[in-house]
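Shared between the two complexes below is chain A, which has chain B as its partner in the first and chain C in the second.
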Partner chain A sequence: MSFPGQRYLGPRPNTLIIAVCVLVALPVVLTRPVWTDSAVVLGVYALLGLSVGISYGQAGILTMSQGAFAAIGGYAAAILTTRFGWPPYADLLVAMALPAALAYGVARLVTRLSPLATALATLALGSVIEILIRNADALTGGYIGLAGIPSVGAINTPAGYACLAWGMIVVTVFLYENLMCSAYGRALNVLRVDQARARADGIDVPALMSAGFAVSAAVAGAAGWLYAHYISFLSPESLDTHISISALLMAVIGGAGYILGPIVGTLLFDGLTRLMPAAELQGFFYGAALIIILLAARTGILGLLAGLARRLRRPDATPAPRAANLSPQESLP
Partner chain B sequence: MLAIAEYVVRGALSGAIYALLAVPMSLMFVTVRTIDFAVGAYALIAAAVCWSVGGALGLAAGLGAAMACAAFMAIIFLALKRLGCEDHIIYALASFGLATALASLVLWWWGTQAFVRDAFSDPWSVGGIRLAPQGVINFALILLLVGALHLLIQHTSLGRMMRAAAANQTGAALASIPVQGIQVGTYLAGGLLGGLAGLLVLYSAGLDFTAPLGLTLSGFGAAIIFGIGSPLRGFFGGLAMGIAQALAAGYASAMVAGMVPFLFVLLVLTTSRFGEEALAGGRP
Partner chain C sequence: MSRGLTATGIEVAFGGVHALRGVDVAVEPGKVAGLIGRNGSGKTTLFNCITGFVRPTAGRTTVDGVDVTSLPPDRVVKHGIARTFQTPRVDPRATVLSAVLCGFYSRVGASFVGSLLGVPGAWREEQRLHRRAEPILERLGLAELRGREVGQLSMGLIRLVEVARCLASGARFVLLDEPAAGLTAAEQERLAEQVRAVAASGVGVLIVEHNIGLVRSLCDTATALETGRVLCAGTPEAVVRDERVMRSYLGAIGDLAATEAAA
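Coming up: the complex of A and B.
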């Protein structure tokens, strides 16, 4: 059996899965305005989750600053379009390049440290960015924020944004999967598991980790860009530490090491918590789910499913070592 | 000149809280080689419970609640260990989950209000410098506590066991030192000290449900400035951070003062060789 584009998508199962899911689900979602709006917001979160997946799942940097990177992307878009009259789309480049440059610079300084120290550095970085945004009144509008951010070209309906958001996700997954199939992706996996081995293999560990973090920040910046143009208003509360934490938790719960893990985590958890009565308890559910998933299956929901599938296929075989980009921590000795 | 002296003294008094939070951070980092992100959340729980119950009973109830949460974290740690998890970042992530859950519970039960209580109404005046009495009490209490802890770690057999477990876990276990017990004890100590910090903050500056992460990070910042190895260094780190914050608030702006703990963390991490040994030969 063959299908159009098989040559490109055949060896890219994740891209194929997400593309088919989006094509099937989107027409149904677009029939109701509430679902359409949720689809856009979930799309933004899913992009943030993907950025955590690249950073933590692949490069091994536990990031707690994705919300801040998204805020930089969002504010870059807002300021360039409202103050300087840039055409939308053109600002996407800046919204991705700015956080990427910042992430690369900081990561070069801290990735030589232990993973725990790097995680704390990202948390501190996110907090500093948040305070700066709050206080740079002249540039960001301070606490009041920036309003009147124009829509992206011809896309000015929620349905259009839903298509744009999930189109961006399909493209991101495709590029992400491409990266992980490349030598750089394999090198990232080696250094996450064993840095000494990676060095012995001739990998420039700090440079590659920083590049991975920069790519992740660029994806977060794109999420912020989408958010700013869709909501058309941006304030310091829009993309804060809370968002960074949610993105991290959702990615880990879904399976940060799997390409589609963060998207599964986002859909499952954000979808479920939207149905719950008390919004204040959202953090409780996230935290509890994180602890349960760490205890039950450290590789996330997708890791759990993959393990089950493997056991069903070969009931008495011991788990075979798999390609690193498909199965993260579980293949460690 | 008097202004500088006032800023320094006030900064040192408020920095004592960071110093107290630095102690569980350095203990945890040395003995378990991880970070308990929930220390700030223990402080919040203690403050919230104490605020609701009130009086001397409130203090005990607050500390008890913080200890109970820390005990829960210790159980999670043990369960992770039993399941064969040796990844320190997973322990940290689990404590992060607990911190998020606790903060959310406080938000749900108590709402967005700030928890603050005033035991004293009039400030004391010493040599022309106005001081908050609670700040002086905090400082004295924390100084006493850190001093006692230093003596415990350096001059008792329990302290020697702790240092042995920190230096070489396998070796300590072979010498029949209950390494796992010491690690669980460290988590509980984190609950006690975090809870105490929460009570002291409750009676001085006050806090709300958004505080935990900032408190944890401030404690960590204080712990690493002069090296994470000992609580005494953490104490001076906390004072340094408090003074820097007070000076920034006085001479720069509230914005810079708010950034001081995070800038400290970034500065120390980007310039030091902190945790680098884990990278050089550290294999999983």
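Coming up: the complex of A and C.
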């Protein structure tokens, strides 16, 4: 399976795959209004899933604040366009830069802690942001929220938004793949597996982890921007911790370590939950899916497929026989 | 201050355990310095100390006169010191090529944002890194294995990959912690040749090695440690013939015989 970084500047396979899939699928999807609307919403979720992939799958930060970063992006868009009359393209930069800056700062503070503590810190961060949004009435409209967010320039039909959303996904995958095929992408993989090894390579671990988290937050911010302009209304419930958790689940189920994993997870998972008869069953379904994945395929659906592909190609190859001996446990304080 | 890597008066304590008590070593550019000593004598701790993983309670480390004592590991690498680990620390799923490419990290000129955007400069640099990795892989006999996952190689080959990664950093001083352990005779010879070639190019090498024959044929100087102290230092010939060193190693063999007899 493609391992980021090993490829000699070859084509960007993940970008190619997603671009072809989008070009093939979109014309079909756009034939039905219901599908078109779903395509936009799924696009927002897929972007959030990608942001989890960058943070958790690559930088190793189990993040539960992506919904909050999206909310910041969404509110930045809403406030700048409705209150300050910014044109709805210019606000995208702010919608990405603001969460990125916040994520970088927070990560610099907390990534020195254990992975679990870092995860809890992101959860707390999300809650704090939610509370701030609820309480900053003058700016955010408090509990009531903000309405009348203008559409993005000429794009004012669901079809237009569907194209915009999936175009943004292709661009994001391209940038993500660029990063993973560079020294920084390899370095992220190293530090996720073994921080001492990373430091011996000369990697400034907190700085690079934080940079990865900032990129992830910027993608989440872009998702929030898209959401705000499409729905044209934003309240504190729109993009909350619930969204953060489902984005995390979808990324993990699809395969957070694989560039396209979160997209696969989003499509499959959301597709399935939409088939669920009752909304009450969804929570049960989420939990069951997560447990199955954690027990049967820790690397997600794409990881499972990659493992199968490897076994088909080399039927005799035992899967990583020495991995156990290589546990990076030489005691380093 | 003189050229070279020097550690003077290094003391390290872990709680009540004095792992190092005033150790001096020096590595000159272009020379191979050997570090020997029985298990637990403090060789790895000395490496950890020089490379910033462990803070000494006393003593200092300088590189070409620049003080690098207590710098964090990633900053030490920027001063031109790279190391391998006694127990290889590798991602078993990474390929040999990407493991070696990781070694270039401290020399990468492209920015994070440039790499993300895929600016031409970053693409060109990535190409350059791949080109530079080839001769390193070739010299260590790893070229055919470049696409293999590290986790599927023998321990000896994994050690060679670690050495290659270390060399890729372009360090002026490399610290190799028992790189020959688990290597076949042929692999050992290839490693020794490579270490000589690296030294000939002006790099100073500090190598932990238990194989006395290899120490003799490879090293220009040697230092023997015992329980955190320098037992003896000088030419490899003099050190391995030193009575205290022989007794120390024989003692180790005696211990071994005793434990085997007990078992």
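Following the convention adopted for this analysis, the second predicted complex is superposed on the first by the 308 of 333 C-alpha atoms of A that agree within 3 Å, B and C clash if a C-alpha of one lies under 4 Å from a C-alpha of the other, contacts with A are read in each partner's own complex, and residues count from 1 in each chain.
The rule we apply is simple: a residue touches a chain if its C-beta (ideal position, glycine included) is under 8 Å from a C-beta of that chain, and two chains touch if they have at least 3 such contacts.
A quick note: this is a predicted structure, and the numbers were derived from the prediction, not measured.
In the superposed pair of complexes, A:L312 makes contact with neither chain B nor chain C.
In the superposed model, A:P115 lies in contact with chain B only, and not with chain C. In the superposition on chain A, A:L249 contacts chain B only, with no contact to chain C.
In the superposed model, A:L62 lies in contact with chain B only, and not with chain C.
Of the two partner chains, chain C is the only one that A:V215 touches; chain B does not reach it. Contacts of A:F174 after superposition on the shared chain: chain C is touched, whereas chain B is not.
After overlaying the two complexes on the shared chain, residue contacts for A:A196 are found with chain B and with chain C alike. Shared-chain residue A:S127: touches chain B; no touch with chain C.
Of the two partner chains, chain B is the only one that A:Y286 touches; chain C does not reach it. Residues common to the contacts of chain A with chain B and with chain C across the two structures: 193-194, 196-197, 329, 332-333.
Those residues of chain C whose C-beta lies close enough to touch chain A in the complex are 14, 48, 51-54, 72-74, 77-78, 82-83, 85-95, 97-98, 101-106, 108, 110, 112, 115-118, 122-123, 126-127, 129-130, 147, 149, 151-153, 155, 158, 165, 169.
Touching chain A in their complex are the following residues of chain B: 34-35, 76, 79-80, 83, 85, 87-90, 92-94, 96-105, 107-108, 213-214, 217, 220-221, 253, 255, 258-259, 261-263, 265-266, 269-270, 274-276, 278-284. Those residues of chain A that touch chain B in the complex are listed here as 62, 106, 109-110, 112-117, 119-121, 123-125, 127-128, 131-132, 134-135, 193-197, 241, 245, 248-249, 252, 278, 280-291, 294-295, 298, 329, 332-333. Listed in rising order, the residues of chain A touching chain C in the complex are 3, 5-6, 8-9, 174-175, 178-179, 181-187, 189-190, 193-194, 196-197, 199-205, 208, 211, 215, 317, 320-323, 325-326, 328-330, 332-333.
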